[in-house]
Each structure stands twice: as C-alpha cells, then as structure tokens.
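Here come two complexes built around subunit A, the first alongside subunit B, the second alongside subunit C.
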Partner chain A sequence: MAFRVTANPLLLAGTKLLSAVILLAALAGVLFPEDPFEMVGRPFLPPLSDGFLFGTDTLGRDIAAAVAHGARVSLAIGVITALISTFFGVVVGGVAGYYGGRIDMLLMRTTELFQTVPAFLLAIVVVAVLQPSIYTVISAIVIVSWAPLARLVRGEVVSLRSREFVQGCIALGMSDARILFRQILPNALPSIIVAASVAVATSILFESGLSFLGLGDPNVMSWGLMIGIGRSVIRTAWWIAGIPGIAVLITVLAINLFGDGLNEALNPRSAQRNSKG
Partner chain B sequence: MRTSDEIVLDVRGLTTVFEVPNARIAAVDDVSLTVRRGETLAIVGESGSGKSVLAFSIMGLVSRPGRIVAGQILLSGRDLAALDEEALRTVRGRDLAIIFQEPSTSLNPLMTVGRQVAEAILEHEPETPYEAAMERVVERFRLVGIPAPELRVHEYPHQLSGGMRQRVMIAMALACGPALLLADEPTTALDVTVQAQVLNLIDNLKARFGMAVVLITHDLGIVADYANRVAVMYAGRKVEEGPTVTILTRPAHPYTQALLACRPDVLRALEGKPLLEIPGVVPPLDRLPAGCAFADRCSRVQDICWTRPPELTDMAPGHRAACFVAAMHIADSAAS
Partner chain C sequence: MSEPRHTDAAAPSPAPVRVSPARQQWLYARRRLVQGIPTVFLIITGNFFLLHLAPGDPADVLAGEAGAATAEFMAQLRAQFGLDEPLYLQYFKYLLRTLTLDLGYSFRYGESNLTLIMDRLSATLLLMVTAVTMSILIGSVLGLIAAVRRGTVVEAMILLAAVLAYAAPTFWLGLMFIVLFAIKLNWLPTSGISTVGAGYTGLQYALDVARHLILPATTLALFYFALYARLMRASVLENLGQNYVITARAKGLAPRRIILRHVLRNAILPVVTMAGVQIGGMLGGSVIVESVFGWPGLGLLAFEALFARDLNLLLGILFLGSILVVLANLAVDLAYAIIDPRVTIR
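Up next, the complex of A and B:
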C-alpha cells in the first residue's frame, strides 16, 4: 500500500488539521493542568480577555481549557464508537457476505431495519431511555452507525468471495474463519479504513448533537456539552456556544478530508481519474 | 512411465446436476474414471463438455445450484461424495489438490507467496511450528524450480512472472503431499515456452511423490506428451476412453476423430489451407437430443443415432467408445 501523502492535497490538508487537533488533545493536561469544570474567572468574559484566550462561560470556566479537554473526549468518543461500529459491521457484513443465502438475507434485513429508522432520533430515544452517561451515548451512536458499515463490508466480501484465490483456499481445505479473516478481509481493508474514518467524524457530530440537547454526560467536558451550556445565551455571548462549535467543525472537516484523501490514495481507480483530469 | 496397479481415484457413475428454474442440467452425466498411482489421465473436451465441473465435483467444490446427485468418488477407497463438508475440508489440500488455470488471480495479492503456501500446511498440520512450515515451503519452492527460494518466499504475487506464480500454485498444491493432483488447464494462461517447463515439472513431481494426476485440457499436443490414458468428454458424458497412443492414432468415436482433425497445423496453414472446424456447437445441456448428443454434428450419423444415447462399448482392451457406428464396425470386423 505504497502511496505518497504529498501527492494528495486532500490527504495532506486533512492530516495536518487532524494532527493539530490530536496535538491539542494530547497537550490538554500540560496547557491547562486544572480541571476544566473549575470556575477560574468572571463569567461571560469575551474572547481575548486578559488570561482567557477564548473567554469564559456562564459559570466563569475557561473556554480554552474546556476546548482542549473536550478535544480528548470528542476524539475518544469518535474513535471508540467507530471501532465498535466497525467491529460489528465487519462481523455482520463478513458473515453475511461469506455465507450468503438465508444467513445473508436475515442479517441484511436486520441492518435495513436499523437503516430505515432516522439515525439521530433513534440515538435520542436510546439515550433518553437508558439515562445519559458516556456509556449510553457511546452505545447509542454504535447502534445507529454499524449498519452502513455492515453493508459496505458485505459488498466487499461478496465480490472477493468469488475471486479465484479464495476458491483456491477452499480447494486447499482452509477453514471458513481462516479464509474470511486472513484472506478476504485484508483485501477489503482499504474500504473499511476509509468508512471507519468517516464514522469517527459522524460519531463526533452525534455526540455533539446529543449533548446539545442535554442528552450528553453532564460530568464529562465534551464540545457538545459546552455548546449545550451556551445555547441559552447565544444572543448575548455567542462565543460560549460558537467556539466549541468551530472546534467541532474543524475536527469533522479534518477527519472527512483525511477520509476522502485516504480513499483517493487507496483506490487505484480514483488515482487514475485524478491523473487524467 | 510405469504405473502401479494401486487405484488412487475411482469415480463411479458420477452425475452432477445444476438445478435452475425450469431446468435440470446434467453437467456431468454418469461418468466413471479410474486413475492409478503414478498415472496421468487426461480429460479432453470442448468448452462446455463438463470437464471442469467433473474436476470441481471430485474436489467437492460444486456449489449451489449445482449438486452431486449420484455416484461415488473413491479416493484411496474412501467415498468423498458421502463425506460432509467438515470431513471433506480435511481431505482437500491434504489428500487431493487442484491447480487452476489462471495463476495471476489464484494468489492473494496482499500476502507473501511463502506465507500463502505456509497457510496451506498449517491448516492441515496445526501442530507444525510456523518456522518448520516455512522451511518446508522453501524446500517445496526449490523442488518446483523457483530460483533463490529463500528470497522468493518473501515476495508478493505481483513481483513474480506468470510461470513463477504457476510454480507457486504447484508448490501450494504439493505442500501436504497429496495422493491425487487435479490440474485444470494448468498452462492455458502461460506462454508456450513456459508451458512445457510447467508440464515437465508436474510430470517429474508425479514420479517423485507417487501421485496420480488428472490433467484437464483441450490441447491434444499436451495429451500426447504427458498423458498415459485419455478420456474424451462431450456434453457431460464420457464418449471415449483409452490409452493415449490408441486415442491419438486410432480414435473410434467420430467426435474424437473430428477433434484430432481440428488441431492447428503449422504446415497446413503454410500451404494456405484453412483450419478445420467441427460444424455446429455443443448442444445446450438442458435440451439434449434423445439420441447421441453429437448426432447433429457427426459426419457418419445413422438413423439409430437419433433414437437413444449410445453406451460405452469395448473397441479393444482398455479402449472404449460410446458410438453406434464404431460399435457396428467392431462387430463387423469381429464377425469376418
């Protein structure tokens, strides 16, 4: 999988932006050692106030510190939910695509059931029923985001299943699990990686949306929670909701650019198209 | 080459059908074969004659809507047709192996070739340590004539030429020392110059491992050089079988005769004569005529040919053909 990052402007921009966000998350404890829930100044200080780069919120908490610590939470939620969704997607899609027939039918109808319900509404219902906490938020996002991944993996597996080298493995008497996990899935990996990276971005948006509606974990400083806090005062103190909003925007944009760039880099067909155009 | 009397593969009355809506197609119809240790049996026929389905049936690789409906496949006395999928899996790759026609797509592009062959060994001998399996891979690579095998095992399929990839496929097939090797047009996708190398290799390895080989091909030149016996298939049935020399020099079935006449001949071409062809095509298997399937293309067709399918009749010891005309001919010469 040799490709040059520099040859792909999308991937380059995405990687740079994403690295900045990851760096911010990694350095949050060094830059802002105190608890982001700590009230450290006067409430409603606008951005660029003395000592507070992004100002303070309704309770006098440092927004810059909250954004940095929130980056950790948002990225962690994004990555964890994407990993779990991908795991379920790979298992369900892999089994459905490999075995086909009735198993395929059953599993695909199930994924369709999940796909036909509006995702965000389903997530709201799940969190509302289970009480908001970091775990229920993660579960809710996984429940609404594994289905498209399962369909993608199934499609890849169905096409790889008919390839001759897979037939050869069957002819050599290899077990189904060995063929699926060692022979087929590695070949489907580029598409899975791209879809998983986009799932990270969607998960962050879901978490922000849920927190905005007051369905996030109130004990965890996420960007969504900050936007939720600033919602009621958005006309008098725009920055309280606006700055974490911009953070979400930048991060989701970065991950999407990264995912699209990765798709172009890993997909030989799109690479050809670009060099011609 | 001398062959022993030990029968490795004994196929009896094998019938494989494909059940599709409104039709039941017998791609292999009541075919019987035997192959002995150290022997090469060539299966010859046009596209659609059922020779590949026959090979897939023996491997137990026929998938829906195809199904083996009758017959036995005795491999060293054990009926593969009666085994369930799990039992069959342990036999495949260990006791019988297959080489496909297309070496470029038969290897996983993301795995080193050595690793792929090692996977085959580890599947059947899970107690073998990885290093030992890898050593055996290097030894097998050397055996199939891959230069610098200890380096080649770390390369990916795209780094190898077509001939080298086919050697890797052969090494993979031989990894566990099978009793029977099925080669489904193993050289069709290769250059003519590489064809002979690969076929000689299979021939040498056959002697070394004491295997039985079933060589599926449409190239009669290959048959002459490498097969001990030949079975000719037409429309899912075996129409003629016999020793290679007999089939190539005194074929009894009009189809075999036509097939031999159709061989591209460089000298004929230089004289400006067109290539011969058999008129017509293999009939669709779901609309076979009541009589001999070859009747409408046969130059020596008689009235009886349209009435019922001919049965295999002895022409000479070990030489049988399914043809009314040939059978009458033999009967006449025996009477006179």
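Up next, the complex of A and C:
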C-alpha cells in the first residue's frame, strides 16, 4: 500500500499546515514560557503592537501566547477523543457487523439513537450535569461522536465478512475475536484511519464550542475560551475573538485536507467515486 | 450465521395488493412513527440517568440549584419523585410524567418547563427551516455549477469556499458576521428577532423579522452549505456518466435541458438524504447560533438554562428537541418519496 505523499497535493498541503500547528503546540512552552493566563501588558492592545504580535486581550494577556498554548489543548483533546471514539466505534461496529442478527439490530438502533439526539445539545447537558473539567469535556465529545464511526466500521465488516478469506478462517477454526481483529479489521483500516482523522477535526470544533459557552475546563487556556472572552468586547476589539477563531479554522482545515488526501491515497477507488477527479 | 439482509431478501414477498399512494404514505408514516417509540423511551431513560449522575440528589437538580426554592418546595419535590422509593419505581414515575409531557417547573422563570419550551419553539423552527432551505438550495446550485464548470476557476472558487466554510467554527463565523455586517457596515441588526419598541405590524413586522433572520440563518447554513455543495458536485459528476444521460444526448437534447430536467432531479437525492440525517446536528448547532445572535429560540433557552444551572429545563429541551428530530426525519423520508417515485414506500 505504498503511496507517494508528493503526488497528492491535498495530502501535501494538509501535512504542511498540520505540521505547522503541531510545531506551534510543541514549541508553546519555549516561545511563551510564561503562563498564558499571566497579565503581561496593557489590555486591548491591537495586533502588531510592540512585543505583542496578536495584541492583548481584555485583561492584558498575550493573545499570541494563548493561541500557542491553546494549540496544545485543541490538538490533545482532538486526538484523545478521536482515539477513544474510534475504539468504541470499532468494537460496537465490529461486533454488530460480524455477528449480525439481533445483536446487530440492537447495536445499530443504539447508534441511530445517538445520531437522532441533537449532538451538541447532548454534549452541553453531559458537561453541565457532570461539572466542566477536561475529563467531562472529553467524555461528552466521545458520547456524541462514536456513533458515525460505529456505522462505518459495521458497513466495512459486513462487506468483508462474506469474503472468501473469512470463510477460510472460519473453516480453519479460528476464534471469532481473532478473525475480527486480526483478519477483518486490518482490511478495513484505511477507511477507519480516514474517518478517525475527520473525527479529530470535529472534536476540535466541539471542544471550542463547549468552551465558548463556558463549559470548558476553566483552568485550561483554549481557543474557544478566548473567543468567549472576546465576545463581549467584539464592538471595540474584534481581534480578541477573531484571532483564536482563525487558529481553529486553520487547524480544522489542515486536518480536513489531510483526511481528504489520505482518503485519496488509501482508498483510491472510493475517492475516485466521490470526486471523479 | 447469515447476514440479516440476505434473509430479508430471501423471504417471500407478500402478494402485491393495490393500495392508493396516499394510503401507502399514511401507512408508511404510521410505521415510522411506531419505530420512533423505542427512541423516545431510550431518550427518557438517558435523561433519568443524567439526573441521577448530577451531584446532589435529583431534587436539588430539579429545583434548578438556584437556591430560590423554598424548603417546602424541596420537600414536595422529594415526595413527588419518591426519592425514598426504590430506583425502578422512581424511573417508572419519571417515565410516566415525561410521557404525559409533564417536564417539571422552572423556578427561575416561574413557569412550567413545557410552556417555556413551547413559547420558544416557533423561533427555532423559523431559523431551522430557513437554514435548511438555504443550505440545500445554495449548496445544490453551487455544487451543480462546480460540476458543470469542472476544471475552471469557477469550480476552484466554489470548492475553496466550501472547504473554508466547512472548517470555520460556527459561533466564530457568527461573531465575525456581526462585526462586519452589523457593526462596521451597519447593514443588518446585531441580535434579537425584531426591533424592540418599533411597534411594527403586518408586512412591516415580517420584513423586520426577515432582516433579523439573515445573519443567524446564514451562519447556521454555511457549514451545511459546504457539505451539500461538495456532495452535489460529486453526485452530478457521477450521474453525468450514467446511461440515461448518454441516451438523452443521443436523442439530441440540449445539454442545458439534460442537466436541468434529468440530472438535477437524480443528483439531488443524496443531498436530501444527508440533510435529513443532519437535522439533529443542525438543532444542536442552533444552540450556539441562537446564543450568539440572541435569537429567542430553544437554543437560547438552553443557553440561559445552562447559566441558571436549571438542569431539568435543559433535559426537557433535550427531550423535546429529540422528538422534533424524529418527526423531522419522518418528514424528510416522505419528501424523499415524493421527489423520487422509485422509492417504494412499504
């Protein structure tokens, strides 16, 4: 399954942008060693002020420092929630697709239920009930994002399950778990990886929405929180909310491009069907 | 261990009975409604769990943690909920109350939760219907143009717009629209549903509401526009390679006619399906859009309930919001059957 990254412009652009965001997150502590909550300058300094590339916020905190530290939070929450959601999606979808019948019906009705309930509203209620913290935010996002992954995995498993190599494994007397995890799922891996990368992007959007509403961890500097802080002064100082939003946009854009490119590289047939390009 | 679909297909189909299309649709609608019943039960069960997960006992939660509740009210609540009774009995009572649409009382507002929610419903419906229509219309038109103008600058621009709209956080986009169109350009109002104290009536009032609707509806629609434009483009391109298009060309039909009369109708089906799936997502998104624009719907109510820590009101909104989605999905299914006569309603 070798592919050349350079031959795929989407993947290349996505990888470059994403590397920039990851680099920013990694170097946040070096570039801005102070606590991003620290008040370091006069409040409401516009961007490109002396010493403050992106200006300062309502309390004189450095927006550039907050953006860099926020990159850590956004990426970490995005990756962790996507991994957990993918795990649940693979287990639920795998079992449903492999065993079929009643288990399948029960599990798929459950995923349908989670897709019916307004996702963001459910996330809000979960965080509100359990009190905002980084753990409840992660749990809430996982609760609202595992279902589409489970459906995808189920679809893949159902189509692979009737293939001859699986029949062969059954005839050899392999255990169900071994067939599912060692034989079927590796074949479904390309689609799962692509879906998981998209899940990272949606998780970042969910997290920023929650912390914008004041449901993030109050002790963690995140992009959504910064936009929430800037909201009340939007008339006089648009950049306080504007700049962190651009950071979210660039990050989500990078991950989406990366995911699209990955899809073209890993699933060339389905990508061609989808884009005819 | 056989695949369920195979057994379905192998089952002998009942002898075809002639039933009028209207009756068929009614039967289908009824069947789908019946299928929605377990969903409603599960949502109520989920809400019950959430109530019990919250710190403090459910009476504290139900009183809204406002500190405004009197001791008598708390005692009354504890008795009403039977908090000393076994859990399954509490659950049964909760189920029964919710099914009879008794969603409790909000101390903050001095009003029953059901009344509060119903008062806000129409504003949310107006916002959602406008946003869904906008996203499907604009998304399909631009997707169609992108497919027809494949390989041109026009296509590149449309795809770029879609990719950007798909990545932008909704609430941030809303705030930036306010900065640009309401504050800097002063074209549109910043928030609310109508001009306070203007005393408009009739057409003037409708126009006033429409002006207030533009920014929130556009904000909510943009994310979905991006999705539908990409989907429509792919769908049109796929349809252009189909045999029926080749036949139409061979018949000597004008390209414009082929696109508008034949391809459009077929290509829009996946967009409608997708729009149906995403109504729940859009209702969730309206929470954030409404709170940005102060649009007095369910979303803003949820936002206010959040700040008052009125969890029971939040749970009520979640419950009725989910029912709204179940009904909307049903409506989309029926609409689908009207657009595509090949869809057999069983």
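One rule holds in what follows: the second predicted complex is superposed on the first by the 269 of 277 C-alpha atoms of A that agree within 3 Å, B and C clash if a C-alpha of one lies under 4 Å from a C-alpha of the other, contacts with A are read in each partner's own complex, and residues count from 1 in each chain.
Throughout what follows, a contact is a pair of C-beta atoms (placed from the backbone, for glycine too) under 8 Å apart; a residue touches a chain by one contact, two chains touch by 3 or more.
Given the structure is predicted, the values throughout are model-derived calculations rather than measurements.
Look at A:R109: by the touch rule set out above, it reaches subunit C but stays clear of subunit B. Looking at the shared chain after the overlay, A:T58 reaches neither subunit B nor subunit C.
In the superposition on chain A, contact of A:P186 is made with subunit B only, not with subunit C. In the superposition on chain A, A:N219 contacts neither subunit B nor subunit C.
Looking at the superposed arrangement, the partner reaching more residues of subunit A, out of subunit B and subunit C, is C. Within the superposed three-chain model, A:R178 lies in touch with subunit B and out of touch with subunit C [touch as defined at top]. Contact with subunit C, but none with subunit B, is seen for A:L249 once the two complexes are overlaid on the shared chain.
Once both structures are placed on chain A, subunit A residues 101 are touched by subunit B and, in the other complex, by subunit C. The touching residues of subunit C, when paired with subunit A in their complex, are 1-4, 38-39, 42-43, 46, 50-51, 53-55, 61, 163-164, 166-173, 175-176, 178-179, 183, 234, 237-238, 241, 277, 280-281, 283-285, 287-288, 291-292, 302-303, 306-307, 309, 311, 314-315, 317-318, 321-322, 325-326, 329. On subunit B, the positions that touch subunit A within their shared complex are 59, 61, 64, 88-94, 97-98, 100, 102, 105-111, 119-120, 123-124, 169, 172-173, 175. On subunit A, the positions that touch subunit C within their shared complex are 99-101, 104-105, 109-110, 112-113, 115-126, 128-131, 158, 161-162, 201, 205, 208-209, 212-215, 224, 227, 230-231, 234-235, 238, 241-242, 244-245, 248-250, 252-253, 256-257, 273-276. Only residues 101, 163-165, 167-175, 178, 182-183, 186-187 of subunit A touch subunit B when the two sit together in their complex.
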